[in-house]
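By letter and in written order, the chains are A, B, C, D and E; residue numbering begins at 1 in each of them.
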Amino acid sequence: GSPAATGPTKITVFAAASLTEAFTTLGERFEAANPRIEVVFSFAGSSALARQINQGAPADVFASAAPANMEQVTGTGAVTAAPVTFARNTLQIAVPKGNPAGITGIGDFGRAGLKIALCAEQVPCGAAAAEVFEAAGVTAAPDTVEQDVKAVLAKVSLGEVDAALVYRTDVRSGKDVEGLDFAEAAQAVNDYPIAPLAKASDAATAQAFVDHVLSPEGREVLTAAGFAAP
Amino acid sequence: MTLQAELRVHRDGFTLELDLVVEQGEVVALLGPNGAGKTTALRALAGLLPGSRVTADGSSWDGLPTEKRPVGVVFQDYLLFATMSVLDNVAFGLRARGARKAEADAAALRWLTRVGLAEFAKARPRTLSGGQAQRVALARALATSPELLLLDEPLAALDASTRLRLRSELGRHLRDYPGHTLLITHDPLDAMVLADRLVIVENGRVVQQGTPREVVRQPRTDYVAHLVGLNFYRGVADGTEVRLDGGGTLTVAEPARGPVHVVFAPSAVSLFTERPAGSPRNTWRAVVAGVEQHAHTTRVDLDGSPAVFADVTTATVAELRLRPGDPLWVSLKATEIHTYAR
Amino acid sequence: MRSRLPVVLVLPAVVGLAFLLVPLVGLLVEAPWGTLPAQLLSAEVGQALRLSLVCASLATLVCLVLGVPLAWLLARGDLPGRGVLRALVTVPLVLPPVVGGVALLLVLGRRGLAGQYLDQWFGISLPFTTTGVVLAEAFVAMPFLVISVEGALRAADPRYEEAAATLGASRWLTFRRVTLPGVMPGVVAGTVLCWARALGEFGATITFAGNFPGETTTMPLAVYLALETDPDAAIVLSIVLLLVSVGVLAGLRDRWIRA
Amino acid sequence: MRSRLPVVLVLPAVVGLAFLLVPLVGLLVEAPWGTLPAQLLSAEVGQALRLSLVCASLATLVCLVLGVPLAWLLARGDLPGRGVLRALVTVPLVLPPVVGGVALLLVLGRRGLAGQYLDQWFGISLPFTTTGVVLAEAFVAMPFLVISVEGALRAADPRYEEAAATLGASRWLTFRRVTLPGVMPGVVAGTVLCWARALGEFGATITFAGNFPGETTTMPLAVYLALETDPDAAIVLSIVLLLVSVGVLAGLRDRWIRA
Amino acid sequence: MTLQAELRVHRDGFTLELDLVVEQGEVVALLGPNGAGKTTALRALAGLLPGSRVTADGSSWDGLPTEKRPVGVVFQDYLLFATMSVLDNVAFGLRARGARKAEADAAALRWLTRVGLAEFAKARPRTLSGGQAQRVALARALATSPELLLLDEPLAALDASTRLRLRSELGRHLRDYPGHTLLITHDPLDAMVLADRLVIVENGRVVQQGTPREVVRQPRTDYVAHLVGLNFYRGVADGTEVRLDGGGTLTVAEPARGPVHVVFAPSAVSLFTERPAGSPRNTWRAVVAGVEQHAHTTRVDLDGSPAVFADVTTATVAELRLRPGDPLWVSLKATEIHTYAR
């Protein structure tokens, strides 16, 4: 049967794929603290999750990687409480291990002859990158504008590109990737909103999980995964 | 119960217009040159080609799809199912008509035994020789005891002695068989032995029909004359003289008048190196065009006016030392010549 | 006792083989083999693998039951507009799988065209269940089966079906005992394509069935998640999937073919 | 003059057809048709569509040239370990396309096993180019062609090849003039599958070739990006892709089949 | 140039062990019952089955794959290429051997004309009738003028008159043909007319060989006797008396001693309703087992000691009113019986 049908002690959390690691840990801790509650996650792209919720997916909590996707859900009145931002993510320059092209800052993204990967502007990290470039006054010359961060990151770790702009949390999980901070990153901060959903089978438990994420313990786990506090 | 068929098939370059009547229990042999439309007629009867009308005892088959028609077919190229064993091939028709497996298998095995292939029951059709495959096809068609048996050259691939045996076996079977049988064959002997009536088709149309004896005695086309092995001419008779259309004149015993067919057996022809004296009324010069050694006689093909085939004994050949190009005298008794109106 | 294989054929064949296999060798070389045993023994991987195999096999079964008759209808039935129907059948091939998943949601989702009635009348909800995975995989994989089998049917000699009809066999019996055995290699090929495609299916599955471990998280979804956290693990998971599928196919196909 | 179609076959066939087509109807119903003309006329869509068609067709060509001989080798060559080879050929089917893209990068990328030499010696770099798109699509789509054609070859009667040999035809001539024409329906089926799969290919393309408008942005990539911000536009784009592919297939297949 | 072959094929349940020698220009007919291994021998010669050894004029073909062997084959089921036109089928062998298209097409058209199918040049093989397809297969094999022609029942599907015409056409062609020809057939007439030597195979082994005349006169197995249409027995001779193995005794003209074969023609047998008086030395009682009407004679199958076939004229049949079960007297002149050592 569907997760919702198995009983009131089970809640289903729809969470952005980038939260996989942090939320898995959080879920375990929440279950440890509440032995009669079972947390079930469905990780996928935020836009896919928003669409599924709008199609009646049995979700109790939605944690999105971008406010826009949360708005798609709140827009249809599927949310009980107002969404709360529980984490933030900032961009970092990702370079292959050892930084073979000698990237030093955001200015290098305009350099001819370098292979550059960015996210497409349609996805949050691409939108953020655009803001950063505008703030820095750099005209970036990407060779590819990818549909998600992981695709960008794969190209960095394989050395296909010399530099890319991705989220800090992604750099941490990447293999053979180094991250370079840059000042303009602060200009484009990505908010992660969370909200319990109206159709939740057990509104109290859903709210309890949201509270757990927002608790100091939750913040600690998120920080460990590279997220900034809101 | 009479089966009546009006077979009509139109293809570019070929039209079949064939009306057939087959009485209950009758075996009709369909003969004709290659491409005459025999197989096409068979397919039309089986309902595999549209546009023909068949009625059996007053009830029409026209609306019936092939599988509802009570037919059994031996196809010219057998069409055995490669993915089934020989036994399953033969049992297939019975199973399709509702027999239980054990029954169908037992009946199929009986049929395989009748065609001498019981030991191949488990074999795949691909591993059979040509003649073995044809016998399986025959067993498969006969096993369902259909109302209309359609046999397309069912003995063509058989060796001489199996053919002899199977022909008489088939003859016995067909004699007691209540259904209708249409037999396509190129072998006059098969037709003669098995059929009650011969229907000869050329170019999609019937050119002659009748009992085997009638057809043998009075062929009406070159094809039929060849088939029954007679010298055959068209001519115009005036008393005992017949002027042949192709040149030459023959004297016959029975007077006739007007356009006639003329036939005589090759064995009635005698050959001489010198002009023979004596009784034969017909004597003319000819040149050897070819010599063929048959089992017990030799066939000599002669150019002349008229051209003629002669069957002579091997002794005669040795004596005359026949070679293509040799000039000879041909002689033929008037009483050996048979004429009949065109 | 045929001659040596001709270069014009063998050369491109070998290049083709290399093109397909060398990237896999690349994967194998780069894979962090050390973590393989741990991955193989982990409960989640086992679960995902089992789920993948079960769902792909069920989806293949659905495809066989529905798709082989469909192929037959397209190849043999005298339908008006067959050409367009045939082209329409290929559509799920071209549809980006995620959009396919969206389409399934639009129809079978709880608020979908048909799904709302399934929910209201029977209390059946297909999305986000294992059944949903099977449906999503079947939707994406069925065209592969249909088109291969149809191709095989077209190449088959229809005179054997005529012979079966003269023996009194209905179309169904003919199909079952004559047509189908005759095109078995084509059906096997189609089934392999279908199963492999279902096994690798990701986009439609995650969209229509979500990503619930133990219930809808198949191997490709697990790979996707692993890519988020640990790209090496993703490669290892892919290799596990490959090995299992190669094993299954190498084992099964030869048995099928021989039978 | 065959009997009515049997229910046992027609019923599942119709269910199968409905299963494949109803979701598309769902898409069509939900699509914001008003925006279709604007989308159709937009320069980017035109560009992506053209690129998709060109790349998919080129990839199919590559697959035909390499894949048909490979299928022949697998079906007719007397190779040791054919069973395993055959199973290996199906592997790119099972591989999640993103991982397939990674595998291609590992081999043909700038630092790849082979790619580094291509780069150093010839200055050729495949990723982020249109050629890269073609390669990625060919890698993913070729197994479909190979397996369908192999299935067709297995079903074909080898005695015609023997007859050709007795007439003095080399294996190559036999292949070209006897074998291949005989399995044409299978080759057409395989080509359709291959082309459709290449046309819908997303994961391997974006991973290996990236996404750059006019160069590597094919329709599926455009659809994915649209899904992020404007799902309606994504549906419209998909429909455009569908219509074009149905048109091409309905037009071409009947011509091929007739020929 | 002599072609020598040691053909060895082993299948479960069937073994072929056949040594063949075909001289340059010679036509050898391979005859035998269904499943005797004729087609298998042909496939082995063509290199389609492994394990056999063939040498032509001292040079071995063993390493040669089929397409390198200078052979031309008419297959028992034709195997015309369905995807090519009839003309392309016939031209295929020439093209494969390097002829230019125009040349090959012209030669193919000549061959099609010779087999009477020029008008079908553009047709697809599937649209041909059985006999037309067989003629195309024949043209296709002959067109390449191979060193070794392998013909597997090349005339079996032809109608009587086409067969006659094509047989003499083929005979003319083969007479001047410098290569070797192996002809498989079930028709004794084909073998007699076309072949220089007959090789008779049963069960994978040669049981008799010789010129047509030798074989016709001294058959050594039941199959061969059937083939040439003779009554055939085994017996032990003691002077002019031969005691038959199957029962019965015959008196012959030429004295002999020891185990012999005994043959006589069915036409040498006379039938009487009463015991005949007079010269024939052999007279015995028999019962009619079957009657078959042939074109110009009637064949009567008689049970007795020995059992015997008799060919009688239609007039005799009418007079005797023969029916199965009727008792008769059989009589046979001693001079008509031929014996030879086993």
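Methods note: a contact is a pair of C-beta atoms (placed from the backbone, for glycine too) under 8 Å apart; a residue touches a chain by one contact, two chains touch by 3 or more.
All figures in this text were calculated on a predicted structure; none of them were measured in a lab.
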Which is the least count of steps on a path of touching chains running from chain A to chain C? 1
Just to be sure I understand the contacts, which chains border both chain D and chain A? C
Which one of the chains is farthest from chain B, going by Cα centres? A
Counting only C-beta pairs in contact, which pair of chains has the most of them? C-D
With centres defined by CA atoms only, which chain is the most remote from chain E? A
What is the distance in Å between the mean C-alpha positions of chain A and chain B? 87
Could you work out how far the Cα centre of chain D sits from that of chain E, in whole Å? 56
When you check chain B against every other chain, which residues touch at least two of them? 47-48, 65-68
Touching at least two other chains at once: which residues of chain C meet that condition? 2-3, 98, 102, 106, 112, 165, 170-171, 182, 184, 224, 227
Would you pick out the residues of chain A that each touch at least 2 other chains? 48, 51, 154
Sites on chain B touched by chain C in the complex: 46-48, 65-69, 71-73, 75, 79, 81-84, 92-93, 96-97, 140, 144, 150
Which stretch or stretches of chain D touch chain A in the complex? 98, 101-102, 105-106, 109-112, 127-128, 206-207, 209-213, 216, 221, 224-229, 231
If we count contacts the way the header does, which residues on chain C are in touch with chain D in the complex? 2-3, 5-6, 8-13, 15-17, 19-27, 29-30, 65-67, 69-70, 72-73, 77, 83-100, 102-104, 106-108, 112-114, 138-139, 142-144, 146-148, 150-152, 154-156, 165, 170-172, 175, 182-190, 192-193, 196-197, 199-200, 202-203, 220, 223-224, 227, 234-235, 238, 241-242, 245-247, 249-250, 253-254, 257
Touching chain B in the complex: which residues of chain C? 159-160, 162-171, 173-174, 177-178, 181-182, 184
Touching residues on chain E, where the partner in the complex is chain B: 11, 31-36, 38-39, 76-77, 127-132, 135, 152-153, 156-164, 168, 171, 186-189, 192-193, 212-213, 216, 222-223, 226-229, 265, 290, 292-296, 301, 314
